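Listed after this line are the structures, all set down as structure tokens.
In what follows, chain A forms one complex with chain B and a second complex with chain C.
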Partner chain A sequence: MTKKRRENISLLLFVAPAFIVYFIFKLYPTFSGIYYSMTAWNGLSKNKQFIGLANFVEIFSDANFWKSMLFTSKYVIVMLVVANIIALCLAVAIESRSKARGIFRTLFCMPNMISMIIGGYMWNFIFTKVLYYLADHWGMTFLDKSWIGDPKYAFLAIIIVSSWGIVGYLMIIYMAALQGVPIHLIESASLDGATSWQSFRKITFPMIRHSLTICIFWTLNSMFQVFDVIYSLTGGGPGRATQSVAINIYEEAFTGNIRYGYATAKSMVLFLIVLMITVIQISVMKRKEQEL
Partner chain B sequence: MKKKKQVNNIIVYTSLSLLLLFWLFPILMALMNSFKSNSELLSNVMALPTTFKLDNYHRTIEKMHYLRSFFNTVLLSSLSVGMMIIFSAMAGWRLCRTKTKLSQIIFALFVFSMLIPFSSIMIPLYKVILALHIKNSLIGLSFVYAGFGVSMAIFLYHGFIKGIPFELEEAASIDGCGKITIFLKIILPMLKPVTVAIAISNVLWVWNDFLLPLITLSNNKKYSLLLSTNILFGQYSSDWSAILSALILSAIPVIIFYAIFQKQILKGIGDGAVKG
Partner chain C sequence: MKKMKRMISLMVTIVLMLSLAACGKSADDTSDGTNAITKTPEATQDKDSEEAEEPAEPREVELSIMMSFPQYMDQWETYCKQFEDKMLSEENIKVKINLEMPSSDQYDSVLQARLTGDDAPDLYTIHSNNIKTYNEAGYLTDLSSEALAGKIFDNVKKTVSVDEKLLALPIESTAWGVLYNKDIFEACGLQVPNTLDELNNVCKVLKEKGYTPFLLAYQEQWVPQLMTALSIGGKVSGELPDWLDRMYADNGSYSEISDIFGVIDVVMQNGTERAMEEGSEAGSADFANGKAAMYLQGTWASNTIITTNPEMNMGVYALPVNNNQASTLINLSTSTTLGVYPDSENLDIALKFANYVLDDKASSALFQGCGFNPIATVHDYETSSWVKEAYQYVEAGRSYQDLVLPNAVTDEQGKLLQEYYVGAVTKEEIIEALDAKFQEANKLSK
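Right after this comes the complex of A and B.
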């Protein structure tokens, strides 16, 4: 037995446990999913009739699916802007404090630790009980809105709660990047008469650009799969007004009409979109890094 | 100039504190109102509780089978993360040290799947779970989590091991140590920092994961904390004093975990970005 062969055998032995669980629960479902997406499988009957691309053709004219896709895209874009701006502002404000930096950081990040199911229900209480109380008794009439029942405000509510959950995480990433900016650069700029906005714009921002790219694509990838917040806050309602793609797929498969084959086809479309984003992300990041 | 800076300071601290108050508002409101009776809660949500009653907590602990759900979640997270760590450390070590084509292919296969979103494989995965008869099995479910978590963990171990000098293993090997001994006695102890980081982030992930238990655990004896809370919310849709105490109860373990490990958690998030 050659040395290389021996090496490979020991490799396989050590990799086996990880590979087996990985194969059964991730790789196999991925590839069998491609097959199921071309069947009329409904979860009840044993035989899964092969119907080619019929599911995908149906998706094309599935208004509810595209509505959920449109909603998700709108949600992702707004979150991308709102969450990153708040996180960056917080990071800059907190990082430059001499006192209480640690406590601010810890507390702002706390909602990120709690499941968005719990967070969503807590906010549900705020939106359905507390805000009405404030409007009626404390004169804050602008809060007197149907936060969960009106699609427009429900969207706003979802953005508020999602930002509440994610901003802390992004803030920590930005703070880590800010710590890498040499203080003497800022000091000498200020001696040369630069305003703090100028020194942020010209020195700090270019130096933390890498973290911005990371945060943007991290938000993109994770927000596209949004489920928990919407599930606990509006349940996708009113009607289907706040239904995200993940909720749409979940409903198709696990509540009511168990159309597994069709739901799998939808999830393949979601996968392709996420994959496309990732490919763009990698190529953009590569180009950016070459520029540096 | 100095005065301007002081004013500036006051403005920033005040706005940060106000924003922080808004940030913690839902948690504080849930906490405050969880001690009130329902009628007290409905009459004034902003008032402090008149008496410090634990009735709601007694009620929900019983209703949501708090202890059982808590231990289910502990079992699920510790088994999942335990397997993830042992499996990935073994695999990551050999994948890093073996310089063959096969090794590269396997590593690429693990890394590739990090792109696959959970929601796009949940249905075929559900089918696998049914076929293996591990629906409603916490042990079975922890294998599923291990399968999902190994890619990232192997990736991290692989990167970390690259930085460990090979000489130590070589010397041990010349001394006649087998691979398993080397792994347990030399490699595993050196991996401690990255193991801690992997363990903490994955405990948080499994603990807070909702969708996978939602589709795989239908027997209420096996419910995780989040599932019990969710069911309670559905059953008591207007009984806010019960719901709020349940929310506080299921948030407490994570908050304690965060309080203990916050340094490592925050460092982990920041590091992940720097290496990104």
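Right after this comes the complex of A and C.
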């Protein structure tokens, strides 16, 4: 009994440093956020008026919030498909090369190391200056589009920049999985006369299914919280045409009527959505693990 | 061979990581600098005990100042340096000023985070519209009894006072309207317009002579918003003086002032292309280079314009709203003001700095250097020609005091005008949305 207790204490001690950081920077803000979401605080005044669930009731009739939710969902779905397909193609292409693998891997992974806010401003320059220069001076008139001003092209611009940013990360996960595919299976398939497409579809793809699950849920999770790309690229504009939920929350908290309490309530809703995705993710992955 | 490649890619990665780490470090440094205020008293004490023999050890003080106009960083840094020298030589106080200027987009959120996070700067700029809110939250010191109070012009003092109390030091007080390129106007034989018809005619002539009338830079939402600021201001002050009061009493509507869209349409239809891809600074530079004849932008942009083209011959005129000349007015407003944080550890030095901003000898050079307009009796400098032109309207009684709308409504105007420009909303939808936003703001401020 005492031995076990001592073991527990030493385990707790090992966990403590990480847990304390986690508590201060994650758990405490989360729980104080729940409290703030029930206040009418403006972020400035010293007394925070408690108003119960009124903020959450108001969210239901907040057209701009739901519009931004719709935009975010659209963004998430497109990113899910586009980013994962590009990442998988890149991973397969690089893995099948015999030379210069490391260089390509580094090159494609590099954007992932740059903060997306910097990437966003870089691309902002490209979309507003470089492309127009090409269109005006080099005759590439198909580039002469309103990349920030037209909601349609602004969406495209956001997808391009986001994909540029995250594809490298997804690619690494896929590559790790590809390296785990036993080479003898592919060799025997090719001896049996399978084309490379057939061996990819029937052997490689099923073998890397688990990494697909990881990538899909990671994209779902992180893309729902998209902020920096859009903030630095279009600022959510024109008007609110490219406003994601996170930008909507930021605006509610820091501009206009400055409603911290209400903004926190909105972020609680976003939190619940992301939580739901995570719970599904964990249960799905558990099931997959048992199958293997 | 393979190893070598791996090495190369590894090295590239390391170099990249290091460069990122370097960026991160410099950011940390600045935040350390601001935190250091709390540490200084101990540090000085230690020093005192160690070097007790030297009697005239100067008192060490750190002041942190946050301002919202990074375009004047050089001028203010020099001024802070002067203040540091003055304090050291005259009062034997070693002041170290940490001057921060976040970009104006994020300024308010940074400031609020600092104030609520117990990391308040000792002095900070706020927009005069926010004085009341900040005062109610207890973040402003009453400056009425300071020496500076006696120096500020009375009509400016009114814009920064609440209940007869002077709560902030006005910095930027501007008379502004539409900027125009005098050389182009002269080449076309044009006079500044006083009515909407005349403005239409100006646009027509300019286009015939091959010039683009208006420069549009709508990427940042506050720039298109200037159109509503001027047109609503002129319309309301000239024809519907009780409109704003009624709006605050939920008893008015934007439909009463719907003719502001007349002039907004003229500006948008006679403007440069790719407006949504043009930021305000880029717009100022393009205007300076003669890309268009007129730019709907305040005189605060003059710094960028003159830096880009020192030969620029620029003027200011009042934006006509309709054909009623009584509504063609110049906007007279105080935008940026400097407040003093009342719970500052070095309140005495902070107040000294505030007073030094209106110093009898040094102040004129600072205000002139930034292109600010005179706001106090100590300012006796020659203003630039465009500022004089704007003040001619003021002297002729053709100006109005800037309307104070709720911030949320001002923001919404900028957003909706962007959408209006790209064709996503109609006038009727804008009127409806702004009415709703105003009522929402009224409800929330109760």
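By our rule, the second predicted complex is superposed on the first by the 268 of 292 C-alpha atoms of A that agree within 3 Å, B and C clash if a C-alpha of one lies under 4 Å from a C-alpha of the other, contacts with A are read in each partner's own complex, and residues count from 1 in each chain.
Throughout what follows, a residue touches a chain if its C-beta (ideal position, glycine included) is under 8 Å from a C-beta of that chain, and two chains touch if they have at least 3 such contacts.
Values in this document were obtained by computation on a predicted structure and should not be read as measured data.
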First (chain B), second (chain C), both or neither touched by A:139: neither
First, second, both or neither for A:193, with chain B first and chain C second: neither
Which superposed partner A:52 touches (first chain B, second chain C, both, neither): neither
Superposition-derived comparison: chain B or chain C, residues of chain A touched: B
Contacts of A:254 with chain B and chain C, given as first, second, both or neither: both
Touched partner set for A:106, first chain B, second chain C, both or neither: both
Chain B versus chain C as contact partner of A:148, first or second or both or neither: second
A:240 touches, of chain B and chain C: first, second, both or neither? second
Where chain A meets both chain C and chain B, residue numbers: 100, 105-106, 110, 113-115, 253-254
Chain A to chain C touching residues, read off their complex: 42-46, 100, 102-103, 105-106, 110, 113-115, 127-128, 132, 146-151, 235, 237-241, 251, 253-259
Chain A-facing residues of chain B, complex: 12-13, 15-16, 19-20, 23-27, 29-30, 33, 44-46, 83, 86-88, 90-91, 93-95, 98, 100, 102-103, 106, 109-110, 113, 115-128, 132, 143-144, 146-148, 150-151, 154, 179, 183, 204, 207-208, 210-211, 215, 226, 229-230, 233, 240, 243-244, 247, 250-251, 254-255, 257-258, 262, 265-266, 269-274, 276
Residues of chain C touching chain A in the complex: 5-6, 8-9, 12-13, 16-17, 20, 108-109, 112, 115-116, 133-134, 136-139, 218-221, 274-279, 406-408, 411-412, 415-416, 418-419, 421-422, 424-425, 440-441, 444
Residues on chain A engaged by chain B in the complex (per definition of touch): 4, 7-8, 10-12, 14-15, 17-19, 21-30, 32-33, 36, 90, 93-94, 96-97, 100, 104-111, 113-119, 121-123, 125-126, 129-130, 133-134, 137-138, 164, 169, 172-173, 175-177, 180, 210-211, 214-215, 221, 224-225, 227-228, 231-232, 245-246, 249-250, 253-254, 260, 263-264, 267-268, 270-271, 274-275, 278
